[in-house]
Structure formats: C-alpha cells, structure tokens
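Consider the two complexes below, in which subunit A is the common component and subunit B and subunit C are the respective partners.
Now for the complex of A and B:
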C-alpha cells in the first residue's frame, strides 16, 4: 500500500512523528519595507515588507514577492527600523489643508469681475 | 486559498469588551462604521487584535499547507506548459502566505511564533488540505473549485476594517484570478476529452465535494461573538452566505459540463433563490480539523522538515547586528 502521495514523504523518507526544536527569535530575520516603481517617471509606492538578513537578499525576495505580475522598473528596500512616521493620533494636523481654499485655482473667478466691469462701463457710456 | 476562519461555535465568547476604555472604544467603532480602515498604530480592543491575529494567521498557514497537495503534482504534471503553470501557482500560494504573515505581524505576533504554532499543531489551517490529491484531475478540481471558494472568501474579507489585511487580500485576489482560470481550463480539458479523462474528473469531483461543502465552515450560530466581529468588520459574511454564493456561481458551471455531484438533494429553490443541499457531515469536519484526517500528520511533517533543513542556512546568513522591529504596514 502506498504510504503517501507526497514525494517529500515517500522519497525523503521522513518520519511523520518526528518533532523539531522550536524556531528561535530572529530565525526569520528582520524586515525591510519595499517600494515598487512600475514605470520610469512614476513614483515608487510602498507595497509591503519582506523578511531578509541583508539588503541584497531583501531585493531578491522583493522581486519574487512584489514583481510577480505586470510591469516593474525599479525596487527599493528600506530597513523597517529606518522609517520615521507621523502618529495617527495627530492626524488632525492635516485637517485644515483642505479648508485653505485660497490655494485652489478654482476659487479665483476673475471673469465674473471683468464681465461686471465691462457691463458697468457700457452703462456709463450710454 | 482559504475557506473561512474557524471559530468553534460551542466555545463561549470571552468578556469581549468588558474592560475596554469606553471613549476609545466608541471612537474605534465610529471609525469603522464610517468605513475608515484601522491601521497597526491605532488603538484597538484586545478582542479585535486577538481575533484578527487568529484569522490572518490561519489564512497564512492555509496558503503554505495548501501548496502541498498541489505541489505533489508538479513532478507528474502532464506536459511542460502545465508544469510551468502549476509551479507558478504553487509559488503564488507561498507568496500569499508571506503577505499574510506580514499582515499578522503588524498586530504583534512574530513570524517565528506563528510558525511554531503551526508545526506543533496548535494553530489551525483550512481543513480541505488534510485530504490527498489522488490524481491529476484532483489537482485540477482543487485549482478550480478550492480557489473559487477562496476567492469568494477573500473578496468578502477584503471589505474588512484592518488596513494591512485588506491590502494583502487585494494583491492576493488579483493573483488568484489566474488560478481560477487555470483550474477551469484543466477541468474543461478533462471533461471534454476522452471517456477515461471524463471518468477521472468525475471521480475527483465526487471525492472533493464533501470537503468543498465543509470549506466555508459550519452554519453560524448567532452569538454575541459573531455579532461583535461583524460590527467590527472582522467577519464580513456568515459561513452559510458564502456557501450559497459558491453554490450559485459554480454548480451551474459543473452541471453545464454534464458532470454530476454526489448529493441527490442539491437544487436551487426558485422561490427563495437559495440552494438546498444535504447538510455535510460536521462530525467528520470536527474530527479532521482536530488532527484525525488522512493527511494531517504528513502535512505538518513536511512543514517541519522544511523548517529544520533550512535552519542552518538561515543561521549562517543572519547578520550579527540584526534586530527585529514590528513592520510598519
């Protein structure tokens, strides 16, 4: 009778009862944040992380993990402990940005004023 | 490839939010109700964190273990093109596990802890992978229908509230659309082929139907637990809702190929629009998920072998100054 359909069981001949020592801390390395650029000229975009022992390996894993489909022009990896971020608790520091309408081009309506001026001049010259 | 997170319906819900700060809890729930995502740095209830870790971790383990029954067919795939496609699919699944482990890590459980919980049998994974893929047709049925079920589950969960999980699922669903097409192509090839090929795919379908009916988990009992998880958008649909969606999308496609399913009761009630079926054997499901299935022992043994044989390499390349910090997103 066939013991298993898995060649790793039948050929490597491993005993299914054997236990192993548990993984220790750092067995899976530190993490790198991955940034992906689709085409030249576009921004690099954060896409996730990889676990790797050094930047060279991190780039290899980043290619396997995040450049599996579609186009890729370039990848960056950055150690996770080298990212500095704002605090979500301070998200209100950004809330007034959208209220500053004097920075929106659409709020400057010169044509209305020019039209009104011309209308007034026409009335005066009558 | 993953079914639904398995929560033992007989297990009493914990105190849930009893000792949480009511102001923070209200803010948290208001954010979710407004459709905003929760990020790893945000305050969150302990139960939210716990359930998400359990769920994302189970999902990650399922991707890793799910690659094993199909992986056994790489060496025996009929033809070079199918071998390449199957290798790509299996590699995708392992990549999905990496994405999901990363998402779970942002919640504070290290990857080493998760792998330890898998190989000691403490953590669960999708029960369907405890069954063997006996023929090439089995691998075709898995790629089509197990992935179909997984896509239903994953697109549903992709509407959830936890940012890192949602981002991982979006990438996963995008890649799995190829798996579904590839699986369907393989099944159709057999179903429209010789008499022998049709028999093979028919037999595989009968073998996989009971585990497929188990795939989304037992019918939900309405509990405080699942209500809270729905409110927090951890769980997005009930097991039965997803099973109905699966039946509605795929049974007609199976029947269209003039293949049969081993359930004489299976039909759509035209009045209610719901599918009627024989309730799957939930005792078997419980028995298998708790360790007593045809392949549980060998799946974990293969996983342990991989961990152990790679260990000296990982140790050799680990830099002295390396230190772990929780990933950002």
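Now for the complex of A and C:
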C-alpha cells in the first residue's frame, strides 16, 4: 500500500503493484471551444477549450474554467469539430495584408475635412 | 442590531452555527477530491465549489463574532466534534463519486432554498449574506443537477450507482432539517420560517427532478431522518476530519499564509 504525506492518498489503499491503465480513446470526451463575453453587447472572445460529454456539461465547466474570476455576462460553447479553419499551408494568402494601409480609413482624403470639422466644433464649444 | 431580546440572539446564533458548520464541513469534505477528481475540469469545478462553501461559512462565523462569539478562526479550528452543530450528512467520508455527487445534490438544493428563505429575513445582516450568495449557490445546484441528470439517465451502471447512492443518502439528508428549540422564536421574530417549511420546499424542488431522471425516492414508510448533529452528537467520522483540518493550526495558531 502506498503511504503518502497526503492522508487522502494513504486512505485510498492504493496497491504499489497497481499498473496505471491508459484510457482507451473511446473514453475521452470531445472538446468544446469556449467563448467568453465580458459585458452584454460586447463580442464573445475565444478563451480556450473544455472536455465534456455534452453541451450542458461543457457550459458547467466553461463557467469554472474561464469565468471564475473577473466580469462575465455570457458564455458560448461550440463543439470543436464544428469549427472550420483555413489551412496553415495557405498562410501566404495573408502575406500582403499588412501592406494595404491605403485601405485604412485614416488615409482617406476626406479625413482632412473630418479633422477640420472636429477642430471647428472644438472651437465653437469653447 | 435589529434584535429585541436575548432570546432572539440565542436563536440567531443557533441558526448561524448549524448553517456555518454544515458549510465548513461539507466544504472540507468536498475539498478532499482536489487532485483526485474524475476529470480535470470536474476536479477544478468541485474544488472551486468546496472553496465557495468555506468562504460562505467564514462569512457566517463573522456574523457570530458580531453576536459575541469568538473570532472565525477560533470558532472553526478550536472546537471539538461535540461542539459542532453540523448534520451527519456532511461529515460522512467522501466515499465514491456517486455518493459525493448525490450528497452535493441533496445538500445544495437545501442550502439554495434556505438562502432563498433568508433573503427576506428580519435579521438584515443575514439577509444580505443570503442575497449575496444566491448566484453562487445557484451554480452549485446547476452543477449538481447536470451531473445527476447525466448519470441517472446514462448507462445501466451509472443509473444503479445513482439509485444506490440516493437510497443510502436519503435519511441522512432528512437529518438536515432536524428542528431545534428556537423554531418558534425564529419564526415570530421573522428571522427564519423554520426547518419544517424548508424541508417541504426542498422536497418540492428535489423530488420532481429525481423522478424526472427515473430515480426512485425511497418509500416514505422507510424514512428515518438521522438526527443528533444539531445537538452535538456526531458520527465517529467528524473528529478525525477536524484533527486533519486543524493540523496546521494546532502546530502554530499564529501562522499566516
């Protein structure tokens, strides 16, 4: 029998010869992706996964894993196998994305007029 | 203080002691699963709820302190078993997970109803605590309910384990509602409507759920509530638990961590 500093382990009367049996694959629960919403109206943000046999249990676990501390308004869980993703082999489709600053609204010609308008409002409100 | 006389204070203390002791002892018992739970997520959830219970008990011990009892650490760590007012249900060893789950289900629904009743108590400090922890306890009952439903409607083995655990636990759970000598005082002072009302409301909430999941509540002719705990008579399991729980405190009462 295993004697441990931890009295719970000693009480469990675990035989030293006992072999630990690895779980069969079928014994593993599926995973659910967890999305956390801080305040009502804000976006749900992906925070991680939980293992669970069904959505109800997944929600119960999501609460303790990801909403134990800090503010929470709502949680979503989605079965991981229902998430469809791009292939990392295709990552090159994103390579020029960061160069396309001309798409940022900050570079629109109209920004000059918006800035001028804001300046005018500021002066008027003084 | 919103009490009128000594009798009300004595009645409030009696109520607070049994509530806080129940929470402390079941919190400690459930924490014994930490690191040994059936799966990681459950281990974290069950441990977290155990901590919640101990936190709730601390809050109630603080109320007792306000009513003139010793400070929370002293009250929690220096009494012997016969000075505790917890029911026998909470002091039994954790057993297998089926027993711990059914105990969690039966106890937490009773606690949820009790806190619900106390939310309107004339003892405003206690009513505040009852309202504060409502959400926390609601999660505890959701967790218990989801598990019991899952296992009671699962495989043949999980069904029979749930049924056997329920059979073994039922009379212990009825012991939660052991009446004390202050039932009338609590009622007339508007502090608490009493154990009998609590018991009826608890049955109205748990029995339909258990039946919905196909579990049989033991026949009423076999009901034999296990009393004694509220008066300081306990099983042999409580003192070893207390010795283990207070081991560090006993070595150094001033230790801080």
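For the reader, a short list of remarks on this structure follows.
Following the convention adopted for this analysis, the second predicted complex is superposed on the first by the 81 of 126 C-alpha atoms of A that agree within 3 Å, B and C clash if a C-alpha of one lies under 4 Å from a C-alpha of the other, contacts with A are read in each partner's own complex, and residues count from 1 in each chain.
Assume contacts are C-beta pairs under 8 Å (C-beta built on N, C-alpha and C of every residue); 3 or more make two chains touch, one makes a residue touch a chain.
Not measured: the values here are computed from a predicted model.
Counted by residues of subunit A touched, the larger count belongs to B, out of subunit B and subunit C. In the superposed pair of complexes, A:119 makes contact with neither subunit B nor subunit C.
After overlaying the two complexes on the shared chain, residue contacts for A:88 are found with subunit B alone; subunit C is out of touch. With both structures placed on the common chain, the touch criterion links A:29 to subunit B and to subunit C. In the superposed model, A:60 lies in contact with subunit C only, and not with subunit B. Residue contacts after overlaying the shared chain place A:69 against subunit B, while subunit C stays out of touching range.
Of the two partner chains, subunit B is the only one that A:4 touches; subunit C does not reach it.
Contacts of subunit A with subunit B, set against its contacts with subunit C after fitting on chain A, overlap at residues 7-8, 12, 29, 50-51, 53-54, 57, 64-65, 68. Across the interface of their complex, subunit B is touched by residues 4-9, 12, 14-20, 22-31, 33, 46-51, 53-54, 57, 64-65, 68-69, 80-81, 83, 85, 87-88 of subunit A. Residues 39, 41-42, 68, 72, 75, 91-92, 95, 98-99, 102, 105, 110-112, 115-116, 119-120, 132-134, 167-168, 171, 174-175, 295, 297-298, 300-302, 304-305, 307-308, 311, 314-315, 317-319, 322-329 of subunit B touch subunit A in their complex. On subunit A, the positions that touch subunit C within their shared complex are 7-8, 12, 29, 50-54, 56-57, 60-61, 63-65, 68. Within the complex formed with subunit A, the subunit C residues making contact are 32, 36, 39-42, 44-45, 48, 139, 142-143, 146-147, 149-150, 244.
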